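In the part that follows, the structures are each spelled out as C-alpha cells.
Both complexes below contain chain A, partnered by chain B and then by chain C.
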Partner chain A sequence: MINKRVVRYVVIKILVYLITLFVAFSIVFFFLRLIPGDPVSRFIRLIEQRYSIQLAQVTQEIINEYKRKFGLEGDIATQYVSYLNRVFLEFDLGPSFLNFPNPVQDLIAWRLPWSIGLLGAATLISWAIGILAGTLVGWKRGSKIDSIMFTISLCMSQVPFYLLALFLVMFLAYIFTIFPPRWAFSPTVTPGLNLAFISSVIYHATLPSLSLILISSLGWLISTRAITITILGEDYLLFAQAKGLRKIRILSRYLLRNTLLPQTTGLAMSLGFIVNGFYLVEWIFSYPGVGTLLVQAINALDYNTVQGVILISIFTVLTANLIIDLIYPLIDPRVRGE
Partner chain B sequence: MEPILEVDDLRVYYKSIWGDYKSVDGVSVKAYRNEVLSIAGESGCGKSTLVEGILRLVKPPGYIPTGKVIFEGIDILRVPEEELRRIRWSKLAYVPQGAMNSLNPVIKVEEQMVDAIIDHSGMDKEKAKEVALAMLKEVGLPVEVANMYPHQLSGGMKQRVIIATAIALKPNLVIADEPTTALDVVVQRGILQLLRMLKENYHMTVIMVSHDMAAHAQIADRIAIMYAGKIVEVGLINQVFKEPLHPYTKGLISAIPAIGKKYVKGIPGLAPSPLNWPSGCRFHPRCQHATELCVKVEPSIREVERERFVACHLYG
Partner chain C sequence: MTQQKFFVQRITRLLSSLSKSTLTFKIGFFILLSLVTLAVLEPYINNYLLRGHSSTEIGLFPKLLPPSLEHPLGTDHFGRDIFSLQLTGLRYSLIIGLLAGGIATLIAVVIATTSGYLGGKVDSALNAMTNSVLVIPTLPILLAIAAYIRMDLLMMSFTLSIFSWPWPTRVIRAQILSLKERPYIDLAKVSGLNSVEIMFFEILPNLMPFIGVGFANAVIGAMIAETGLRLIGLGPGDIPSLGLLLFWSMGFGAIAQGYYQLVLAPAILLILIFISLNLVNIGLEDMFNPRLKRITGL
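Up next, the complex of A and B:
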C-alpha cells in the first residue's frame, strides 16, 4: 500500500501544514501589536493592584529590564526576530504577565487538558449525535418528525453558545441548584485518578458541554440532513433499494457511509470556527481552560500569553486538519487514486 | 403462452403546483416467460417512469393513483414491503439507467454484489463471494474487478458489473432501463449480446426499455411502442419493423439512421408535456393523417391481428 504516491501525498500535506503554521503565527504577532496600550505600564499597574503598593518612582531602568524580559525591546522587526528565535529554537513562549515569572507554556500546559477534554468531547459527541439524527431525519424527509426537528434545528442552531450557557447557568445552577456554576471540579476532592475526582469533573463539565452539544449537534443535523437528501437522490441508492437490501444495510453502508465523507472534513473545519465561541463558554463557567486564560490575558494586555494561546489554537486546528487529510484516503477510495 | 408480468392500467403521476404530471397514464402490457420484450419511445414519453412504477420504486412527489402490476401472481403494488424486498432481486432484478452512478462509490464491487446475495439467500459470505466471482466471469469481466472500486472501472465495465449483480440470484425477470445509453457503440453491442444471453442460457425474461430502435432490433422478440404515457402499438419485432401500423411507429422507424441513407427523417414537432396531454389521440398534433375524430376521441388499443395491438383510428 505504501508507495511513492502515498509518500508524496503525505509530504505535501505536511509541508503545507508547516507553511500555514508559520504564516498564521506571523500574522498573529503583528496584529497583536496593533492593540493600543503600553503593556509594561499596564503590567506595573497590575503589580501595584495585586500587592496594594505604590511604586512611587519606576525608573527607566526597571522598565527596560521588564521590556527585555518580555521581549519588547527595540522596534517591531527586532521583537519579531527575537520572538521567532525564542519560540522555534528554544521552544519557549516567554514569561507571562498574569503569572509572572512563570513561562506561558506552563500556564497553557496546565489549562490545555481541561479545554481539550471539555471542548473535544463536546465536539465529538455533538458531531456523532448530529450525524445520526440528521441521517434519520433526512431518510424520513417530509414526515412530521422531519419538519418538527428541522424547524427546531434551524432556530436553535443559530443561538450563540454563550447565550444558552448563560441561561443554563441561571436556571440549572442558580435558580435550581442542580449543577455547579463554576470551575472544573469540587474543591473538596483531591485531583488524581480516583472515582470521586472523575465523577466531580464530569459533574462540573455537564453544563458547559451541554450548552455546546445542544446547539452544535443541531447544526450538524441540518447539514447532515441536506447531504442525506442529496444522497437519497443518487442512482446508487435507488439501485440499492431495487436490490432489495435490508433497510439497516442501506442506511449504514450506502447512506451513512457516504454522508460521513463530507462530514469528516466538516469536523476538522468546524474546529477552527467554533474555537472562539467555545472560549466564551469557558469564561462563563470560569472553567480553568485555555479560553478563560485568553480572556484574562487580553484584559491584562499580556502579549506573550495571548500569542501563546492563539498559537496553540492555530496549532490545534491545523493539526486536526492535517490528521483528517491523512486519514481521508482511508475512508474515500477515490482520493487514494489507485 | 403464460405471462410472467401483467401490467394493467398503470398510472404514475408526479404532483406539482401546476397539477399532476401524468408521465405514465394507463399502460397495459404483458411480458411472457422467456422472451425479450422491448419498450421503445422518445425521450419524455414515460419509459423510465413506467419501469419505476413496475418496480414500485417511484419516489415522492411521484405516486401511483391506479393500476395493477401482477408479477408471478403477486400484485407488486399492494404486497407488504418486507415481502416486496424479498421478491426484489431474487425474482425480479433491475438494471438501472444510470450505470455510471448506480454503484456505491465508497465500497468495493465485490461487497456490492455480495450484500445483495446475502440479503436474499441463506448463503454465507464465502459462498456468496464465489457466486459473485462466477458471475463476473459470466459477463466477461476479469475476477480482479471484484476488488476494485467503481471509479476504477469504465462505463461498460460498470454496466457489466450491474448485469452480473442482476443475474447472481437467477431472477425470473430482468428489467433493463436504457442499458446501452452513454456507452460507445462497440460496448453497446457487447451489453446487448449479454442481455440476449440471459434469455437463451438462463431462460430469463428480459424487458428492455430504450429509445434506441437499433438496439431493440438486435435483441427483442416483441416490441411495445410508447407515446405520451401510453402504449400505442405492440407486436412481434419483425412485424413491427417490416410493417409498422401506428403513424408514430412509422416515424420512429424512418428515423433510424443507416449507412447509405443520406437524410434521416425525424418526426415533426416536439413531444407533448405530461402536464397537459393533447385531447383525443395524443399524437394528433404531430400526425399527418389526423382527422376530426382524432382530435376529439381517444383511440383505445385493439388487437388487429393475433398478438398485434394498435391504438389508432386508422385501423378502427
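Up next, the complex of A and C:
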C-alpha cells in the first residue's frame, strides 16, 4: 500500500539527494580550481619533459582550442556554468590525457563494473557476516567466544584495508603462491559468459575482497553487538522469552530484525569511507577498477580523468545511499506509518 | 576565582580517573606511549647508531645486507639501515598524524560548539554539512590536491585535517547537545553566569574526555589518509613517513624479490599505531560514558 507518508518520504529523500549531488559537484569544481597553474600548459610541459622535445610550435591558437575542449575558457563563472552543463546535461567529463582524445567517461565505463562488482560484493558479504556474528556474540555475551571475537574486533577494526592487503599479497600470493597477486582474470581465458572466465574472476577477486571483508566485518560486529545487548534488555524480549518462544525464533524475528534497521543506516553512512580505503586496495592488486585508474591518472597528471573519477565516486556513493534510503520503508514498517 | 578553582579541580579529577582506567585503555596507552617515546628519542638513537649521518642518506652502507647485529633489519636497496629508517618514519608519521588530528579537533570543537550553542537552523545546516563530508568519498579529492600542490609538513597536516574533522565533530556535538540539557547548566544560568562562562567553566571541562575521543578519531582518520597518499608516492618526498617508506619498498618490488622486512617493518609499526589509538579511543569512551560501558561490558 502506498500512502501519503511514503510518498512524502520518497520525495524528500530524492530532493536531498539532488541537492547534495549539486553541492558536492560544485565544491569539487571550486576545490580543483584552487590548484595553481592551468592543466593545459601543465600537460604540454609534461609532454616536453617526457619525450625531451621542445614544442615551440605550440601556438596560442592550439592552446585556446585545447582550453575550449577542456572547458577552461573564460572566467571562473563561465567555466562553472559550462562545467555544470556538461556534467549534468551532456554527461560529458571531457577528453582524457591518458587515452587522448577519448573522453573520460569511456575510460571509466569499462572500469566501473569491476569496481562496483568487487566493492559491492565485498561490502555486502562483510555486512552480513558482521551482523550475524555480532548478533550471536551479543546473544552469548560474557562467553569465551564473545570475549575472543570482541577483543580481536576492538584491536583490528581501525586498521586500513590497504595494510591488510599488503600482508595478504605477501603471504598468500608470494610466500605461499595460493592466489594470484594482480589483475582481475587470467590472461589465458577468454572474457565472456563461460565457466572458466567466471571462476577466474572469482579466484582473482578473492584476495582483494578478503582484505575488505576481514576488517570491515569486525567493525560491523562491534556495532551489532552493542545494539543486540541493548535490545536484550528490552521488555518485549523478556516477554518473548517468558512466552517460551523457541530460541531460533527470538534470534531471527526479535533480534536480527531489530539490528538490521540501524545497521542499514550504518551501511549508508560508511560507504564513502569504504570506497576511500578500497581504491588503494585496487591499486595494490592492479585490479582494473576505478581506483587503479585514479592512481594512474594522478601519476600522469591527467586532470580530466582525476576530476571524472572524483565525480563518479561521489555520484555512485550518493546513489547507493539513495537506494538504501528508498529500500528502508520496505524493511521498517514504522516509516510506512502502519 | 571560584570558577577557575572548579576548573582545575575537574581537570585533576579527570587525570586521576585515568589511573582507574580499563585494561583496554591501559594496553593501548602503553603501546602508544612506547611508540611516542621511540619517536621522541629518534634523533638521539639514530645519531648514536649512524654516527651523525642521516637515516635517509643514500649509500651509507652496502646495499641489501641481510639482518645482522649491526643492522637489526638489514639495509635497503639504497644502502640505508632499515631499522633507523623505521624510527625516522615513525617520528614523521606521528608528527603529521598528531598535528593534523590536533587541527581537525580544533575545527571540530569550533563547529560543534557553534552548532550546539546556537542550535536551530545553524545547527541543522552545520550538521548536514558534517554528514555530507562523512558520506562523500574524500580520498580522491585529497589525492588530487596532493598531486598538484607542493606541500611541506604543516601544509600537509592542514590539508589532511580538512578531511578528518567530521568524525570528532559528530562525537563532540552529540555530547554538547546532551550536556546542554543537564540541570547544573540551568543552575549556572540562574546564578548569573553568562553564556561564555558557562561554555568554558561548565561545559568544556565535562567535554574534555570527548574531545579526547574525537582527537583519537581524527588522528586515526588523518593517518589512514596520510599513509594512503604516501603509499602511491604523493606528498613531500623529503619527509619520510612510514607510508613513504612503504612506497619506496613497493617501487623496488621488495615483496616479489623476497625482501619482506622492507614492507613488514613499516606495515607492522603502522598497525601498532592504529591498534593503540583505537584502544585508547574505546577505553576513553568506556570510562566516561557509563551507558556505553554497560554495553561493551569490558
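Methods note: the second predicted complex is superposed on the first by the 319 of 338 C-alpha atoms of A that agree within 3 Å, B and C clash if a C-alpha of one lies under 4 Å from a C-alpha of the other, contacts with A are read in each partner's own complex, and residues count from 1 in each chain.
Simple rule for what comes next: a residue touches a chain if its C-beta (ideal position, glycine included) is under 8 Å from a C-beta of that chain, and two chains touch if they have at least 3 such contacts.
Note that this is a predicted model, so its numbers are computed, not measured.
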One more residue to check, A:279. First (chain B), second (chain C), both or neither? second
In the superposed model, does chain B or chain C contact more residues of chain A? C
Let me test your reading of the model: by the given contact rule, A:192 touches which partner, first (chain B), second (chain C), both or neither? neither
With the two complexes superposed on chain A, say which partner A:240 touches: chain B (first), chain C (second), both, or neither. first
Considering only touches as defined above, state whether A:230 meets chain B (first), chain C (second), both or neither. second
A:306 contacts which: chain B (first), chain C (second), both, neither? second
Tell me the contact category for A:142 with respect to chain B and chain C: first, second, both or neither. both
Who does A:254 touch here: chain B (first), chain C (second), both, or neither? first
Determine where on chain A the residues touched by chain B overlap those touched by chain C, and list them. 142
Counting only contacts in the complex, chain A reaches chain C at residues 20, 23-24, 28, 31-32, 34-37, 141-142, 150, 154-160, 162-163, 166-167, 169-170, 174-175, 226, 229-230, 268-269, 271-273, 275-277, 279-280, 283, 294-295, 298-299, 301, 306-307, 309-310, 313-314, 317-318, 321
Help me check something: in the complex, which residues belonging to chain A touch chain B? 142, 234-236, 238-246, 249, 253-254, 257-258, 261, 331-334, 338
Touching residues (chain side chain C, partner chain A) in the complex: 24, 131-132, 134-141, 143-145, 147-149, 220, 224-225, 227-228, 231-234, 246, 255-256, 258, 260, 263-264, 267, 270-271, 274-275, 277-279, 282, 292, 295-298
Along chain B, where are the residues that touch chain A in the complex? 55, 57, 59-60, 84-90, 93-94, 96-98, 100-108, 111, 115-116, 119-120, 149, 151-152, 162, 165
